[in-house]
Amino acid sequence: MTIPVILDVDTGVDDALAILVAVRHPGIDLLGISCVAGNAPLAQVVDNTLRVLDAAEAPDIPVAAGAARPLLEPPRSASHVHGADGLGGIALPPTERRAEQAGAVELMRRLILEHPTPVTLVALAPQTNLALLLRTHPEVAGRIERIVFMGGSASVGNASAVAEFNVWHDPEAAAIVLDSGVPTYMYGLDVFNRVAIEHELAHSLEHGDDALGRVVGALLGHRIAVSADESAEYTGLIGDAGAVCSLIDPGALRTELRPVRVELAGYARGQTLVDLRKHPGQEIGLTPADEWAGVEVALDVDEA
Amino acid sequence: MTIPVILDVDTGVDDALAILVAVRHPGIDLLGISCVAGNAPLAQVVDNTLRVLDAAEAPDIPVAAGAARPLLEPPRSASHVHGADGLGGIALPPTERRAEQAGAVELMRRLILEHPTPVTLVALAPQTNLALLLRTHPEVAGRIERIVFMGGSASVGNASAVAEFNVWHDPEAAAIVLDSGVPTYMYGLDVFNRVAIEHELAHSLEHGDDALGRVVGALLGHRIAVSADESAEYTGLIGDAGAVCSLIDPGALRTELRPVRVELAGYARGQTLVDLRKHPGQEIGLTPADEWAGVEVALDVDEA
Amino acid sequence: MTIPVILDVDTGVDDALAILVAVRHPGIDLLGISCVAGNAPLAQVVDNTLRVLDAAEAPDIPVAAGAARPLLEPPRSASHVHGADGLGGIALPPTERRAEQAGAVELMRRLILEHPTPVTLVALAPQTNLALLLRTHPEVAGRIERIVFMGGSASVGNASAVAEFNVWHDPEAAAIVLDSGVPTYMYGLDVFNRVAIEHELAHSLEHGDDALGRVVGALLGHRIAVSADESAEYTGLIGDAGAVCSLIDPGALRTELRPVRVELAGYARGQTLVDLRKHPGQEIGLTPADEWAGVEVALDVDEA
Amino acid sequence: MTIPVILDVDTGVDDALAILVAVRHPGIDLLGISCVAGNAPLAQVVDNTLRVLDAAEAPDIPVAAGAARPLLEPPRSASHVHGADGLGGIALPPTERRAEQAGAVELMRRLILEHPTPVTLVALAPQTNLALLLRTHPEVAGRIERIVFMGGSASVGNASAVAEFNVWHDPEAAAIVLDSGVPTYMYGLDVFNRVAIEHELAHSLEHGDDALGRVVGALLGHRIAVSADESAEYTGLIGDAGAVCSLIDPGALRTELRPVRVELAGYARGQTLVDLRKHPGQEIGLTPADEWAGVEVALDVDEA
């Protein structure tokens, strides 16, 4: 029983590893990849993604370019985090692969509607493409198994004091996705840097036959256990891949179904407000929580 | 070396215990008490406060009535939490004590300016009175040692998913206080229900000579240790008193100086945004953190 | 020299007349029509639009269904204004015409990119389709001559005290359009009910050969002059057509190039803030006006 | 029948003329003057006010210093409009008069409660003092006849595209005043520069015996008629005095009772939203207008 998956990426070191896992893992059937501006400009994201597929010796997986900027926020560069090429300087050889003409929204629409069973969307980037898809082609919603997104935080932020980068980068897009009625799973900063990658996988990658695997595996070797060292916070090496891993091994994370709302106003703009109270929604005077979307939020790593 | 203190209260069971501690503890010189609407309507708060002073056999401590409602928010009742009289049904006998005519703002001004050394303000309620004082008589700011307030949260809220009741009840007032330039100490929900009251104190209260002490001590007997049971969250019996205790035994809490801002907009209105990142203020694009007030935030109980 | 035009509509009586003018006027080359939910639900809008084309004896003009709801706002009905069918009860016979499968965004993209000269978009409805187009296919922006939209107000509103219905219905979409860099022309409430329809046109319609023309012409007969009677405000009979007429006879309106911004927050949400000051942008402390898009705003009817 | 009046000022050329009118006009009984930071810093405002009273040969009218800054907004200087001293360089001799120690809030409270009949407050500046008064001493509300304020706009702004300076300078204070339940009269930009000062008054001032009168009269001579020249917009010479004149000659202005709300969020922050629709409050989905305060808004000069 493989899981049919579409990845939405802004490759990115994080996304590179996630793509590799999605390509290679036998439990995942990677239908296609949509690209969006985020950690790197769109053209760079597309090129990086195609090169990563090459390095992964992937079959002919369709790739398409999507939104070049957020819905309302101005475009922003995260090159100080991910390097000028978004790949942290890991040189990958050029590729013959090409992106599809039709664009990411059309690619996603087609892949979802053509697939015989509901498809899982895994968003590892600002959710602009997903928001455009859901508003342009709402008929796909009923054919999406769920949307797993790397983003948000129920505690501290990274782009601001309380906001995580992907949601902060396009808060309106995230709000559209959360309120879409499609089941959502939030893989946020609360677990982002804490997921244990199995020794075995890292080792097999580092000493395997494919070029990317060796590079990534070597890097992984440094951080293969649950880390209490927050200095790892911005290296971004494992995070996005963890969201893919959660598909395969859902029991590794402790999740709770919680009311969640994306804050669009004020200093907290881009924060994912997660109602963690014992009795969510029993606030004294704010919006009734039954107007907040119920989201499965990954809150902790199951270290057992 | 006693600490000269003015209490700002919305008595309230919580505040009753805090007043008792402030009256009785040899380390505190209780100069006066200002009242504000919050957990109970203003007239009730004043009456409760005077009765509590009687029960505590306090000397002639001046009490004055302040704001009957928040700056902008509508008045709200918390009677479902604290009972119709705000004292949870603990009947205290009527008193001959009377509030000062001049009002809370004038009382605070006079007490602060007359005292030979800087005075500590301890706010156990929505901060409307303090905001009115600081804007009406800014000359007092230089004579305030610091403002210790029960309120806010660096994690989960109680009035909403992310906002604590006192700050949520009058967010503009809290924003005025935090940005006033007076040193502030936030005793929020992160420690509110977790402070250990010493057995000895509780025992001496319960078996002491004063009426209130016996009542309160009996109640305290049920929750004298650090509690992991969140079901105690809304009993409100210890919280405010903990803020007073933090004056006497500051080492019992782990605090950090953090940029804090009160959110005034959106769903997060009333949230105290606390920048807990390793490198606060290095956000990518929001308000530079040097515009956020530095607040000493109590984040944890030192259980050592 | 005809003007190549794509209409974006939520037909609607207003839009019906506008479509008729666009179909029949020799100065306009109507390339296609995109439909969006607004005055009526999407399916109704599409059906109304196809029937209107039939009644107009239009050639085979492509029509496509677009967004069924706004980006962030919940769907809303305006059936109290436009009747249950959005056509005010004007019964039009069923039609054999069918909408294109590809959808409105794809239709607009294709029509714009295929046309040898830049195309004018005329939006007579909430601008959801345009926003989706500009974010999904930004390459079209350089091929759009300008966007003329019925919406906004530099004075009083209709959906709220200060907001006009189309912008208020999807404020984020309007903000995306105004900030897109494409030249925009705002045909708002300031002129909406004040444009003179020439007697001759109304007369020729009323006594012409086509079914819709007779219906519409009869209605027009009641309001063919500049009206000072604000009681006409909600009849909505001429408004959208006026935006089409402005293409043909631009001199009939007095316009000014003004900084405009769509308010997204607070009570003014959906207001088009138009800087009408003698020296726009010289405000004391707000956002520099050079960050506000310059919009050609129709402010008055030239009654000369 | 004289009208008992307290003026709240940020003198200021405008306020100087208004004070003169209030001192000299037989229909007004000027009880006292409260000062607030606005056009000039507080100390300057107090000094200017005292000098103006001297120049007006006023009796011993109590003056007191109030708020040195707005509730939430940072202090701002308008010295580019009103000159470094706020009096546009009109040198007035020093005075022996002194401000009262008690402060503006206490002065207003005392004057209102001591007067046998309800008092009219005329606010010619940011409304910080009034807001502090109403929240600190709500018992005065029932003793205020009404609050006439220079501020706001139902059309274009001056501090921003849509906001007038006094309201924009302290929006929360204006919101508190409008929602206080005290009858309010808005003398905003819609009439600010359009009020005709009677020739007779200007002439008698210019050729009268008092120093200020001669100075002000000379200036008035230039603008004694209804002016269509908007270049006068920022000279600020008549505006505030017009609000005082409206007390004496209410028929000179056309007013309407309209729902008004101060916008606190977004780009429109500081705008006075005035519902000018034929059927106010019948918006489709926003806050019901019955939650908006009814304000008597001066909309036009009666030129008959």
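In order of appearance the chains are A, B, C and D, and numbering begins at 1 in each one.
Just so we're on the same page, a contact is a pair of C-beta atoms (placed from the backbone, for glycine too) under 8 Å apart; a residue touches a chain by one contact, two chains touch by 3 or more.
What you are looking at is a predicted structure, and each value in this text was computed from that prediction instead of being measured.
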Centroid-based (C-alpha) most distant chain relative to chain D: A
For chain A placed onto chain B, the superposition rotation in degrees, Cα atoms, nearest 5: 180
Inter-chain centre distance, chain A versus chain B - centres from mean C-alpha coordinates, in Å: 42
Whole-Å gap between the CA centroids of chain A and chain D: 56
Chain B and chain D, separation of their C-alpha mean positions in angstrom: 38
Chain centre separation (chain A, chain C; CA means) in Å: 38
Per-residue multi-chain contacts in chain B, two or more chains: 264-265
Contact footprint of chain B on chain A as seen in their complex: 76, 78, 155-163, 165, 168, 230-231, 233, 259, 261, 263-269, 271, 273-278, 280, 283-287, 289, 292
Chain B residues within the chain D interface of the complex: 66-69, 71-72, 103, 105-106, 128, 131-132, 135-138, 172, 175-176, 264-265
